[in-house]
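To keep things clear, I will list the structure first and then write my remarks on it.
In this document, chain identifiers A, B, C, D, E and F correspond to the written order of the chains, with residue numbering beginning at 1 in each.
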Amino acid sequence: MRKKKRQPLTQKVVTDNQDDILMISANIDDQTPEMLAPVMPLLLEQGAYDVFFSGIQMKKNRPGIELNVLVDPGDQEAMIYTILKHTSTMGVRLQTWQRRIMRRHFETLTTSLGPVRIKVARYQDITKKTPEYEDCQKIAVAKHLTLQQVYQAVYQNL
Amino acid sequence: MRKKKRQPLTQKVVTDNQDDILMISANIDDQTPEMLAPVMPLLLEQGAYDVFFSGIQMKKNRPGIELNVLVDPGDQEAMIYTILKHTSTMGVRLQTWQRRIMRRHFETLTTSLGPVRIKVARYQDITKKTPEYEDCQKIAVAKHLTLQQVYQAVYQNL
Amino acid sequence: MRKKKRQPLTQKVVTDNQDDILMISANIDDQTPEMLAPVMPLLLEQGAYDVFFSGIQMKKNRPGIELNVLVDPGDQEAMIYTILKHTSTMGVRLQTWQRRIMRRHFETLTTSLGPVRIKVARYQDITKKTPEYEDCQKIAVAKHLTLQQVYQAVYQNL
Amino acid sequence: MRKKKRQPLTQKVVTDNQDDILMISANIDDQTPEMLAPVMPLLLEQGAYDVFFSGIQMKKNRPGIELNVLVDPGDQEAMIYTILKHTSTMGVRLQTWQRRIMRRHFETLTTSLGPVRIKVARYQDITKKTPEYEDCQKIAVAKHLTLQQVYQAVYQNL
Amino acid sequence: MRKKKRQPLTQKVVTDNQDDILMISANIDDQTPEMLAPVMPLLLEQGAYDVFFSGIQMKKNRPGIELNVLVDPGDQEAMIYTILKHTSTMGVRLQTWQRRIMRRHFETLTTSLGPVRIKVARYQDITKKTPEYEDCQKIAVAKHLTLQQVYQAVYQNL
Amino acid sequence: MRKKKRQPLTQKVVTDNQDDILMISANIDDQTPEMLAPVMPLLLEQGAYDVFFSGIQMKKNRPGIELNVLVDPGDQEAMIYTILKHTSTMGVRLQTWQRRIMRRHFETLTTSLGPVRIKVARYQDITKKTPEYEDCQKIAVAKHLTLQQVYQAVYQNL
């Protein structure tokens, strides 16, 4: 199990607006939910961009799970290895998708609750400003506020 | 494992329009889909009115399954026993629902494809006539037709 | 089909914080999604508080739909009648739930985009202020903005 | 926001039986369901062939939504723009699918309830005749019948 | 936000086989998945027996989320308060379920990988022995094994 | 309807570890669950590797079903024909995925309950041994044991 810590996609500065992404998928019917669950954070730690489960109805009345992993095409071999090792599946399927992404960078906003990083994303004439989830979550815990209260305070200064 | 074969609810003549039904539910996170699946026909064979799975998102990123079983309140003890024996759950929850049901009886319709039972259901001024699924399915297989073709033929004679 | 137009729950002034609500449910496996869909707005027009579908896995590999309708207990008979008339089900199940609700009233906020109603809800020391969805949606369409832009403008004045 | 009204795919005459279709997808975890919902009719108005949501289980216990949009490859840029503008996502993924479709044209059927358009679709030796949903829905409302009653009347004349 | 740390239900010794459990539910359509997610561990920390999300299809094309919380009836007021505070809902619904549970206690098994707690559950003539998930997970991380390898080693000694 | 019986993928000996697989998909909104369900075993009998349903939320509040079929690319035409014939869809979409699979062969294990085939799968340094589901299921029925009891007995001899 290699341990390449990389920044999650949502916290990266992005300057291009096109690239490719690889989806690796498998249908799981012979692993328990509690044994499949730790595969999600494990793949994210190893650099997967996104991991998500989808409940599916398989043959013979089986309430199966589709595992989907979005990765950098360069990580293909390492990710396949981890999925085959830590899940019960005997095979995975692979599909390359093109991606179109907004250019993004970070700014720091001074709010009544302290500094919060703001992700600023642009595509043609579209601009989106999004408070960093982790910053808001930390303030919520530290100041004993709800996440909703923190976001509202941030929006009032945006 | 008792083997009380009873007619499935959908094939019973019903003359009252109210009764009670018991729902028995459990959240499953430590049994594989392929081991949970045979519980569905097993419970139906033992007289459950309906069994259904629902994909749920449980704690710690677990893609769990909610098992729901609708039974005659008189079968409560036998059904609890079977669920505790054949699933991994350590407990079940129980809830009584009232039911309102349409009175129903069966008629036989002569169609171009042969006789088909029609379930005739009534509630106040509402009448519904539904071809028996199993009869249509048998004709489809025997005559090498699609189910859709059989239903359309039946509706043309209804 | 009676046509009792009543205000949706989310737009009512509420002064008590407890009442009862009736859930009416049915598992549907013999009606098409496109024929089941219009039942949702129909029940809401007739005064249902909430209507929601949930995908379930039924016997014999059927990808069924659970229909759930939350209604005022006083509307029980009319709602059962509509469900039995407009869906394929031959029976429904009924369950009373207690409810605990926040007291709420409306205020009007003057924003840079015009007036917007704000729902103010209170429970013990909790206060929530929520812009009325329909007001924001109307402004978004009229001023050719995204909903997100409207909500952000409202939050800045809240 | 451009407003190219085009006929929905299900109401087009189709004479070829192969083409390509583009799927545009995004995983949404930072937009509310009520703010995401209007994107569905908006994309359909702009000419998307199909739009559908799928509940997915994302990282950190998030009950996210996968947005899927099927479009004409020639509409790629306009559709990407609308999705990036009206949803919270910072990127979309793109995949081309081949399609195999039944040739289809419309006929008008005279029924006891009035004229109803019938979509006639052919592929090799397969023929399917489907009553137009919108026509049936209009009759149901005008004559105060259930959709099921209208379809049954149509099938009896098909 | 009170912080009553209590043992999760799955790690308790249980000597009775019947009790009552309260389900608190709400349909969420105006909170983002990333803001709803932290409510799950928060409620579990405060003593909820189980918390689970279920994707539902709400009115106006909204892909909503049903929040379900199973709690000790004695915790009703505290749990309602937390849900109303940390989610966007303006009301919750409450339902008491009976429960039937297996009696259970813990034993320690010496395995080739070290000691593992085994939950031993009994109901009439049924006995189930389940390795403690957390113990197996810790061994997997410490010895760099997959969970599946740890469970198989434990089963070989059970 | 051709009847090419082929061994299900999960019971094949596999000696290569790469190939291509074709996914055929369709969104269904005008077929009932009970009429769609028999398509699953029908496609598997004709040689599909996997068939699965996924509940999706389609336009106009329709709780639709996504049908997904994974097939050998050489079976493309026959599978498209069967899907168009036995479902209500007027078109399907097609996508080729690469696959990476574990090499596998079968061994027979002598257990206290009799012989059980074990699937042995290998990929680089990963080895997985999985009891054949059908063998375990037959023993469970014959000896009146739960599937869990059979698997535990097998694991103790693995």
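One rule holds in what follows: a contact is a pair of C-beta atoms (placed from the backbone, for glycine too) under 8 Å apart; a residue touches a chain by one contact, two chains touch by 3 or more.
This structure is a prediction, so every number in the text was calculated from the model and none was measured.
Colleague: By that same contact rule, can you tell me which chains touch subunit A and subunit E alike?
Modeller: Both-contact set = B, C, D, F.
Colleague: Comparing centres built from CA atoms, which chain ends up most distant from subunit B?
Modeller: A
Colleague: Hey, which pair has more contacts between C-betas, C-F or A-C?
Modeller: Between the two chain pairs, C-F has more contacting C-beta pairs.
Colleague: How much rotation, in degrees rounded to the nearest 5, is required to superimpose subunit B onto subunit E on the basis of Cα coordinates?
Modeller: Rotation angle, to the nearest 5: 120 degrees.
Colleague: Starting from the Cα centroid of subunit C, hunt down the chain whose centroid lies farthest away.
Modeller: F
Colleague: Please report how many Å separate the Cα centroid of subunit D from that of subunit F, as a whole number.
Modeller: 29
Colleague: Indicate the whole-number Å distance between the mean C-alpha point of subunit E and the mean C-alpha point of subunit F.
Modeller: Inter-chain centre distance comes to 31 Å.
Colleague: Which subunit E residues reach two or more other chains?
Modeller: 30-31, 34, 38, 40-41, 53-55, 57-61, 63-64, 85, 88, 95, 128, 133, 148
Colleague: Of all residues in subunit F, which touch subunit D in the complex?
Modeller: My answer: residues 25, 27, 30, 54-59, 64, 66, 80-81, 84-85, 88, 90-95.
Colleague: How about subunit A: which of its residues touch subunit E in the complex?
Modeller: Counting only subunit A, the residues touching subunit E are 1, 31, 34-35, 38, 85-86, 88, 133, 137, 144, 146-148, 151.
Colleague: Looking at the complex, which residues from subunit D come into contact with subunit E?
Modeller: Per the stated touch rule, the residues are 28-34, 36-38, 40-41, 53, 55, 58, 60-65, 88.
Colleague: Once bound in the complex, which stretches of subunit E touch subunit B?
Modeller: Those in contact with subunit B are residues 10, 21, 23, 40-41, 44, 50-55, 68, 70, 95, 97-102, 104, 119, 121, 123-124, 126, 128, 130, 133.
Colleague: Going by the contact rule at the top, pick out the subunit A residues touching subunit C in the complex.
Modeller: 57, 59-61, 63, 128, 148, 152, 155-156, 158
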